[in-house]
Structure formats: structure tokens, C-alpha cells
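Paired with chain B in one complex and with chain C in the other, chain A is shared by the two complexes that follow.
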Partner chain A sequence: MEKVFEIRKFKSYITLGIFSSVIIYLIFASHGFLRFDNLMNVIISATFVAVPAMGLGTIMLSGSFDLSFVGIIGVVSVTSIRMIQAGIAIPIVLITSLAVAVGFELVNAVLIIKLRIHPWLTTISTMLAALGLEKAISKAYFLTTSHPFFRTIRFDSFLGIPLPVWILGVSFAAMYLLIHKTAFGMHLYAVGGNEVAARKAGLKVERLRFSSFAAMGVCIWVVSLVYLSQLSGYTPEAAYTNLNEVILSVFFGMSISRKNIITIPGAVVGAVFVALLANGLALSGVSSYWIKLIEGCLVIVVVITNAMGSGEIVQLEK
Partner chain B sequence: MDKSLLKMKGITKKFPGILALDSVDFDVPKGEIRAIVGKNGAGKSTLIKILTGIYTPDSGDVMIGEKSFSHITPDVMYSEGIQAIYQENDLVPYFTVGESIMLNNEPRSSVKTFLDKKSMNEKAHAILLEKIGIDIDPKKLIRELSVSEKQLVQIAKALVKEPRIMIFDEPTAPLSAKEIGKLFEIIRALRSSGITIIYISHRFEEIFEIADSITIMRDGKKIIDLPLNETNEDEIIRHMTGGQIEVTGRGKERKTLSEEITFEVEGLHSERVHGISFTLRKGEILGLFGAEGAGQVEMVRAIYGLLPKKGRMKLGGKETRIRKPTDAIKKGIGYVPRDRKEESLVRTFTLAENVTLSHLEAFSSAGFVSKRSEQKIAENMIKDLAISTRSTRTVVNFLSGGNQQKVAIARWLTFPLKMLILDYPTMGVDVQAKVEIYRLLNKISAEGTSIIIITPEYEEIEMLCDRVMVMKDGLQRAILDVKDIDEDILLKYAIGSSESVVS
Partner chain C sequence: MLWGVVKLSSSKNSTVMNNERISTSRKLADFLVNGSVVIGFVGIVIFFAFRSGSFFRWDNISDILLRLSITTPAAYGVMLALVAKGIDLTPGTTMGLVGITIASGVTAGMNFGLTIFLAILVGVAIGLVNAFLIAKANLNPFIATISILFIGNSIEKSVTRGGLPIYLYPSPASLNQIYRGSTLGIPNPILILVIMTLVLYLFLEKSMYGRRLYACGESIKASRASGIPVRLYYGAAYLIGAICATIGGIILCSQIRSGQPLVGHSYMWDAIGAAYLSTIMSRRNFRPNVFGTLFGALVMATVANGLTLMGLAFYWKEFAKGLVILIMLLVSVMKKRYEGSRLF
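On to the complex of A and B.
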């Protein structure tokens, strides 16, 4: 018991230590890594991962899972662009796309919570369905837009900081307060940690689990807008390539948390780390073909530290 | 009786093949501590599960105070103030003490949307100090607490909503003597504040110490409610067993046992097992009896190499070391766990594949399993054990419970076996299969295999066993010759207080 406890104590430092030393190495090995505009670019690319990671974290901490968001981002993006091309006003486009994002997630919620289908099975299917729908609408074409709304997000800044960075900041603040400072957030943790106990305490377990999916819907909507602005339109399956990074960020956040639980700051720190890593490796001249391999190995390190923290490895030895 | 706070009438619950509760009336007056006792299978645990909303009864109704309900649900428990404290706690391990106690009663900050963690911790701390009388830092995580601290946190959590009825289900099992004393003080204080308490335990010392009255269950019926100051252990045990006189001639036909000792255990210690020693003769059937959780399962698991242990074991006169199940199998020891579906059979395998699973080398050549010899042995087993199945290729999931159990036993009959350990071998099987399993075990033992059986049923001990070891709290209380005892004696050893056994 004592041994497990010791590892658990230092576990978050081990993960952070490994990743920090990689980053410090990259600072010295690459040119212009610490320049302000490079760091801003890193954070913008982290936004693509961090925002859905906060939503996924919310679903996971309440005891479920979601893979389908990458498909839903595509559907939301392509429908938004189509609507703009059809000349529909921006407020209506925004409201409709929010409804599409949340609606899709509520389909997941019904299948998982009401019909009790396994989350992986459910969301892999809805992911395929969403990717299919995306393709059917876009016919796999790139659809560009020069609508001022998206140009503003992409090129403007406020107080010297680019707008996408503000979007990440504001969504982080909102999600942080929601999950870590309200009773609602605490109840989500209770549902994920011990559903029976939550029920006995009089919590509305189903409603809580539904709202975790709705929260993911909102995150999907936000990140879709960032995708549309940064890519000047719709790119087929743009979010799909970030699926692994999103899941990794959530687990990374878990392994650096003191209680060994999924947290909102953890997920964002994870996303920023992944982005820093990719950026630093690229700047130091590592071929992009190698970057995924290195990321993968670091994931394994995270998973091992996590397992040590929860005592699984120690128990197996016995 | 009109002052009853909780009144259950005509509660009936059927499970396939069993009438678990037969029109049970149960009521408790306000501010009383009521104990519930009954043998395994008497319906005690079904009643508790109905009381705590886990099972829905088939018929009957419930009155709590002035309100009537068809049955108790988690919602009813919440709204009417019924709280249950279980042995296994239902707390979230990574919540703090404060969060756990105040869950769903969180104080809010001046901006109503946000939590006020400071006042949450203060309130939790106040409840712990004033109502429980213990000082635990509310910022501590649940997983950092000791078992008894966790239990006290659960009680504190239950008290936030000012409950009217509290159910304690075997609360003392994980506690030390001192902690039990503390818990009893708390329970008495709860009673004097007007809370009605239902206390489930199989320890008579505790029941006499803490409870005001006792409800005795037998065969799914409520037998009687007694005030504890007007009764004694002997009377309670008589009600539990029904005072049946042993039906002569029904017992086992006792054969003379060989003097050869197959297996010997000396000073065995493991999880929940403290200092067990016994010998097992060739072809002997030893019963293991005791209340649920008295250490029987842990003992056989330790022997079989599933739990770490200390102590010496001799097999066939030679010192032997068994560190993992494969060691045991190699030495000719078989184990049929209680949970057929989870631990014993591979549900998606066919009958034949399950039979050969532990001994595949015998049916293989050059690393490939010979399906033909597998089929042959399985066919023999079907014949010998009267397993009713369509073919050897039937997936075991589709067999009845009794036939599944026969397959689980058949696995150990494909090679020479010195000793077979079975845990509740007839649980959930029909009468016909039961008789066949008894016949099979008697046959195996006659052929020289020694057998250890964990069983909750006196009848099974009477029918099968030569001797019986009674365990209580991980200790070995006695090893008795089955022909010298009856059910009352057995129960006295298993649940009676220490004084009652001396006589």
C-alpha cells in the first residue's frame, strides 16, 4: 500500500518532468520557438485539440465516452459553409450549427443512456455516420469562404492577442467554472465516480449524463467555427486527424492531476503540450513523418505513469 | 404497534424456482433498534434489498409514517429519509470528505451558481464533530481514509438529510473491537435522537448488545418478532432452524474412511483467514460452514494459490508449495468456484472445450489440440455425469445451471485428482441436478479423491460430508463429526457468541 501511495504522490511530477524536459530540449534545438508569434500559433493549433478535449473530458468524467465528435465537427462545418454560400445571415447560421452540434450529441446520449448501448460502439457508429453525412453534403470538395465573420476571427486581434486565442481562453474559463466551481460539475464527477452513490444522494443521474453530452455539443460548435476561420472554409475530414491528440490530451491531463482524475485544466495543458511538441519538433528539423511516432511513444509513457498511479502495475506483480 | 414508523405488509418476492419472500409483514416502531436474523436463504437479504429499493417486490405494500407506497425506490428513500449504510461503502474515492458528505446539499456562494467550498468543508466538519464525534479533515480524499473512517463519513453523509430510518447492513465486519464500540455509541445516539434503526448482523454478541428487538426469518417467511430482553440465543436459534428433529435415515451412508492422509494444512493465514489447521483423509468429504464472509472462500482460495498465504501444507505426506493455480492443478488439486459464469466456465466455449480447458496438453499432440480426443472425453463425460445437452459442441451458455455445474466438475475428472474443492456446488441448480451432483461427488470420493465443500446448507453437509469445519470471523471454531451434530449445534458454532459454544 505504502509503495503505491509513494508512486501516486510523484506520478504527476514524473509526467510533467518528462514533458518539460522534452520542451526545454526543443527550446534549445529549434529556432524561434519562443518567439511571441510562434507561441501564438502554437496556442491556435492547440485550440483545435483543447476545445473538444474539454468536451470529451466532461463526458468521460461523468462515466461515458465519445469518438463521434470528429465527424460532427465536419458536419457542422460543411452545413455552415453551405448555408453561408446560400446567403443565409450569420446569426441564423450560428444558431443552426449550434443546434446541429448539440442535436448530434443528444443522439449519442439517447443511444448510450436510454438504450444502454456501449459508448464505443455507439459513437464509432455515429462517427461513421457523421463522416458519411459530411461527405455526402460536401462531395469531398474544399469549400472556401471569404465571409467577413470568419476573416475577423482569423486575422483580428484584441489587446495584441489573436482572436482564436481569446476563444480558447473564454471557453476554458467557462468550462473551468462550470466543471470545477459549480454543484453541477461536482454532480457530474459523482455520477462518473459512483453512479449508485449519486442516485442515492438524490441526483438526477440521467439528466446529468445528458448534459455532459450537450456540453460536448457546444464545444464542437465552438471548435468548428475556429476550423472554418483558420482554414478559410471547409476542409474535408479536417478534425479527423486530431482525434488521437484529443483523447491523448484528456489522459495527459489525468496523469498530471493530483487526484488522478480528468480535469478541464489538465485537458487544456495536455493539448498545449501536444501542440508545443509538434511545433518544436518541426522547427528543430524533425521530419513530420517522425512526429507521430514520437508522440505515440510519449503517450505510452503517460499511460504507464497513469497505471502506476492507480496501483495497477504494483498489484499485478503480487 | 400503532406507532410503527415503517410498516410492510404481505411482501412477496419470487425468483425463478424460488419463493424468496412469502407474504412477509415487517414493521418497526419509531426510535427502536431492530435486528434481522435468518439462515442463508431464509429471505433476509431479499428483505433488505426490498427495504433499500434494490428489488421490487411482486406484491405487498409499504407504509412510511402516514404515507403509503407500493414499494420502496431510491426516490422514496430519498424523500422519506431512509438511509442505508453498507459494508462496502458507496463513496467516490477521489472526492474529499467535505464533498462526499455534502453531495447534493452543497452550500452556494453569494453568486448562487457557484459552490462555496469553504462553508461546505465547515459544515461537513461540524457534522462529523457534533453528530459523530470524530475529527476528520474535510479536505482529505476518501481513498486516504481507513475503512472505519469511511464508514463514519457515510454515516455523516446520511445524517445531512436528517433521516428517519437508517439501515445498517453488517456494519461491523471490517471494524476492530474498539471501532465497533465507537460505532455502537453512535448508533445509540442516533436512536435517542428518534431515528429508527434496522440492524442486520449475524453476530449474536452484537445483536444482544445493540438491538431492542429482533425479527427472525426462515424459509422466506417472517417467523416472529421478539423483544431481546425476553429471549436468549437458544430460543433464537430454535426459531431460525425451526427446531426440526433430524429425519433419521436421510443422512449419508457413512463408509469407513481410509487412514491415509491426503492433505494437511498447518497454521494457514491469509486475507480474512487466521490460523487454520486441519487434515483431510483419502476419500474424505469435508464441509466448510459459516456465515457469509467468515473466511471460507478466502481459505480455499489461499490453498488453491489464488490468494497470498502463510502456513504449511502437505500433500500426500510431502511438504508442498502452491503459489498459483497451475501449481495446484499440476499437483492434482481442482477448484470449482461459486460463480460458474464468471470464474469457472468460458461461456462462449463449447461443452467439450470447457471440459478439457485445464488439461489441454493431454488432448494435444505437437501443440495442436486434437478435436477428436476432446470429443471423445466429452462424450464420456456426458454419459457418466448424465449431462443433458444436444451435443458436445453446444456452447455452455445455453445449458441449464445444473448442467453447467456438471461441466465445471467434469473438467476435473479428465485426469487423476487428489483433491477437489467446491464452493456452493449446488447453488442455483434444480433438485434433480442436485441429487445427481451429490451422487457424483460421493462416487469421486469413493474412488479416493478427497473433497472440500463450502456450503451454506445444513442438508448438504448432512447428505455429503464426513466432517465439517465451522468458521467464524476467519477463525476455525471447530471440526465436528457430522454424525454427532444437528443443525442447531452447527449454527451455534457459526454465529453464536463464544460462551454459548462451551456447553
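On to the complex of A and C.
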């Protein structure tokens, strides 16, 4: 028992050690890695992953799962572009797209929570449906928009820091306060830990789980704004290419947390780590298809060190 | 566990139902509910038959069956992982890597038998890595296999210089035989599929090893207490799954006569969908099984085929595929609710 405890204490340092040694290596190996604008670029590219990862983390810690967000980001983005092209004022576009995002997630929530269909199976099918719908709306073309609202988000900065970084910062602060500093967040953890016990303790389990999906909807809306501004439009399946990274960030965050639970800061750190790695490797001249290989290997190493001392095979569903 | 809650909640009105005499209408309802997924499938088939005249032509049906022979092996791989209460996201990667191995082996002028042997070795290697990571190193199956997916995809891209397919002109006769040849009047891929299905069925349902594998999936502690080497069985599930995907990869390579990087990705969701459909269809509590997986793959293949015949754009096909799975899920949930109200 003593020994297991020692390993557990040790292992979060192993993860941190690997993390910092890779970053230190990249600082020396790649030119201009530490420049301010490059770091800002890294954080902007991390935003694409970090914001949905916070939403996914919220859903996962309440004991469910979502794959469909990659499709919903697309649907929300192309709908907003179509509405802007039709000349609708930007506040109405924003409100409608928020409603679309939250509405889609609530459909997921009804299927998973009310009808009790398996979360992965539900969201695989809603993901396929949403990816199809996204391309049906955009006719599978790259839709562009140069609306001043999105140009502002892309090019302007506040206090010397680009606006997308502010978006990440503000949404991180909001989610952090919501999940880790309020009773609501603690209740979500309780529901994810033991649903029956949470129900016995008088928590409104279904309402809590519904609101975790609604939080994901808001995250989707926020990240769709970043996609629309950074890409000046939306390429079909742009978010789908980030699916693996998002899931990875959440698990990475779980592996660096002391208690081995999903946390909001962990998910963001995971996303920033993935973005730092990709950026540093690209700057040091590694070809882009090797980057995913190195990402995958590093994650396996990190997670193996994390699994040391836990001593039992992981079963996904009990 | 989730289902237990539903059963509990529906147990109130059950005593009333138990006292009722079993009537003919009740029998009819039983029939409708039990066969609901199959009835839904028949409905889809009839719909397609009305919408397109060529749906029931023999060459179209054989097309569906041939497509089945590629997706089903991958789906069996996912199903075995589900039996071990995990998930396997690597079948697509395995299929792609196997295809590239065969194509580059043939291009390099290697003996065909040796090429197939190498391809199987690649599949076995992926299976062993999965087995080590999940059964020995206690990794979460999802994160372990998604990492292998990353690594495999980037190997595929690096080997083919960024994703250039390796075409085989002409492809060797023995490779062609796998997909296009036939033995005793039955096309070879169908034969392979039937043999695989039977072997897996006998293994999982009729042999001691299969029963033990299910037992390990149900409870690690109980199985270990009764002397089953749990880690060995969990590893074996992923290894056999990878071998299944390898067979699918060989058939796919023979069909497209080339090694295409990332080709397996499109089969991955089909395979996962089919394997989960089997858990939904099973009579016992969400239990993955061989014939259910075969049926799930059939559903996916039929829907894809029928929508193509209707001449829809590819994105509407994707949309409809998601919708059809969702409808089947809803129907099966109704079924479970109904059974829950009967049992208690």
C-alpha cells in the first residue's frame, strides 16, 4: 500500500517532467519558438481544441460522452455564414447560432438522458447526421465570409493580446468558475461519480446532466466564432480533423491531475500542450505527418506512466 | 447500470400487468416489439425497393454482400473489444496498413505468399501493441487505441510520401482471386465471410474460451477468483480483433487493387456502428454478439447502397445514415422499455 502511494505521488511528476523536457527541447531546437507572436499563434491554434475540450470534459465528468460536437460546430458555422450572406444583422445571427448549437446538444441530451440510449452510439449517429447536414447546407463548398465582425475578432487585439486569446481566456475563466468553484460543478462530479447515490442525496440528476450538454452547446457556439474568424469562413469537416485532439486533451488533463479526474484546467493544458508540440515540431522542420506520430507516442508514454500503480484493467462501461 | 434505473422506475405498474391473462393482442405486441429492429430493416428494404427499380436485381444484392465482406471483419474486431468492455478504434488503421504492405510488397517484386504473410504480421503487431497497452499496462482502451490510430495514420502517410496511393498495374492473379474469384460457385469474399462468422460464433458461443471471455468482460474480479487468466483473455480479444481487421484489409486491397493510405477511416464508423447495433439487438442485457454484428453491418451496407441508387448527393447519404441508426436505436429503446415493464 505504501509503495503504491509512493508511485502515485511520483507519477504526476513524471508527466510534468516529460511535458517540460519536451518544451525545453523545442525551445532549443526550433528557431523563434519563444517569440511573443509565435506563442500567441500557439494559443490561438489551441483555442480550436481547448474550447470544445472544456465542454467535452464537462459532459464526461457528469458520466456521459459526446462525439457529435465536430458536426455541430460545422452546422452552426455554415448556418451563420448562410445567414450573413442573406443579409441578416449580426446580433440575430449570433443569437440564432447559439440557439442552433444548444438545440442540437439538447437533442443529444434527450436521446441519452431521457431515452437512455448508449452515449457513444447516439453521438456517432448524430455526428454522421450533423456532418451530412453541414455539407448539405454548404453544398460541400468552402464558404467564405468577410463580415467586419469576424475581421475584428481575427485582426484586432485588446491590451496587446489578440482577441481569440481573450476568447479562450474568458471562456476558460467562466468554465473554471462554473465547474470548480460552484455547487453546480460539485454536483456534476457527484452525478458522474455515482448516479444512484447522487439521486438518493436529493440532487436533480437529469437537470444537472442536461445542463452539462447545454454547456457544451455554448462551447460549440464560442468555438464556431473562432473558426469563422480564423478561417474567414468554414471548410467542410474543418472541426472533424480536430476530433482526436479534443478527446486527447481531455484524457491528457485527466492523466496529469492528482486524483485522476477530469478537470477544466487539465483539458486546457492538454490542448495547449498538443498545440505547442505541433507548433514546435513544425518550426524545427519536422514534416507534418510525423507530428501526429510523435504526439501519439508521447501520449502513450504519459498515460502509461499515469497508469502505473493503478493495477487493474480499465473497463469502459460497468 | 443505467438500464437498471429504468427497470426500477417502471416496476410500479408491473404488478398489474403480471396479473393480466396473456391475450392474443399481447402476443402480437410481443412479436412486434421483439422483432422491431428486423421489422425496421425490412421497412427500409421495402422503401428502397419502391424508390429504385434496380434495388432487388441480383447484381445489386451481390454488391451489398461484397461490401459486407469488407466492413464485417472490421466490425468483428470492434465487437471483440466490446466483449472485453473496451473499444477498438484501430480496425481502419489496420486495414490501411495491411493494404499498403501488400501493395508495396507486390511492387517490390516479392513472392505473393510472403507478402500476405508480412501483411498478417503487421496486423498481428498492431493487435499485440493494443493488447499490451490495454491488458498489461492498464491503459484506458479509448485513449490507447486512439493513440495507435494517430501513430498508424502518420505511418501510412509517411510511407506513402504524404498519402499517394500505391497502384498495382497489373495486380497479381492470386491477389485478384481473393475478391473476384469464386470457389464452388460462391464468390471467395463471401466464403471467407461465412467461414469467419462460423469460426467466431463457435469460438464465442460454443467454446470454453468464448464463455470465459464474456465472463471476463462481465466481472474482472469474479473471473480472477475462479482462476481465469483475465489479462490473457483481454489481450487475446484485441489480438483476434486485429487479425479480423487484417482479413478485411486483405479483401479490401484485392478489391481496389492498390494500397490507399487512410482508406480504412471510412470503414471505422461503419464497423463501430455495426458492433454497437449488435449490443442493442441482443436479447440479453446489451451483449455484443456475432450474428448481431453481421446484421448491423448489413443494415449499414444496405442503407448506403439504397441511398446511392436513389441518386442522392453524398452528404445527404451521410445525413440519412446517421438518422437511420438513430431511428433503430429509438425502436430498440422502446423494445427494452417494453421488456422491462414485462419482467418486473
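Methods note: the second predicted complex is superposed on the first by the 308 of 318 C-alpha atoms of A that agree within 3 Å, B and C clash if a C-alpha of one lies under 4 Å from a C-alpha of the other, contacts with A are read in each partner's own complex, and residues count from 1 in each chain.
Definition applied: a contact is a pair of C-beta atoms (placed from the backbone, for glycine too) under 8 Å apart; a residue touches a chain by one contact, two chains touch by 3 or more.
Keep in mind that this is a model prediction, so the values were computed, not measured.
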| item | value |
| --- | --- |
| First (chain B), second (chain C), both or neither touched by A:84 | neither |
| Which superposed partner A:261 touches (first chain B, second chain C, both, neither) | first |
| Winner by number of chain A residues touched, once chain B and chain C are compared | C |
| Partner chain(s) touched by A:115 [first = chain B, second = chain C, both, neither] | second |
| Contacts of A:196 with chain B and chain C, given as first, second, both or neither | both |
| First (chain B), second (chain C), both or neither touched by A:131 | second |
| Which of chain B and chain C A:183 touches, first, second, both or neither | first |
| Common ground on chain A, meaning residues reached by chain C in one complex and by chain B in the other | 196, 318 |
| Touching residues on chain B, where the partner in the complex is chain A | 74-75, 77-78, 84, 90-95, 99, 103-104, 106, 108, 113-115, 141, 157, 308 |
| Touch list for chain A against partner chain B, complex | 177, 181-183, 186-187, 189-190, 193-194, 196-203, 259-261, 318 |
| Residues on chain A engaged by chain C in the complex (per definition of touch) | 111, 115-118, 120-122, 124-136, 140, 195-196, 244, 247-248, 251, 287, 289-293, 295-297, 299-300, 303-304, 307, 310-318 |
| Residue ranges of chain C touching chain A (in the complex, touch as defined) | 1-3, 5-6, 85-87, 133-135, 137-144, 146-151, 153-155, 157-158, 162, 217, 220, 230-231, 234, 269, 272-273, 276-277, 279-280, 286, 313-323, 325-326, 329-330, 333 |
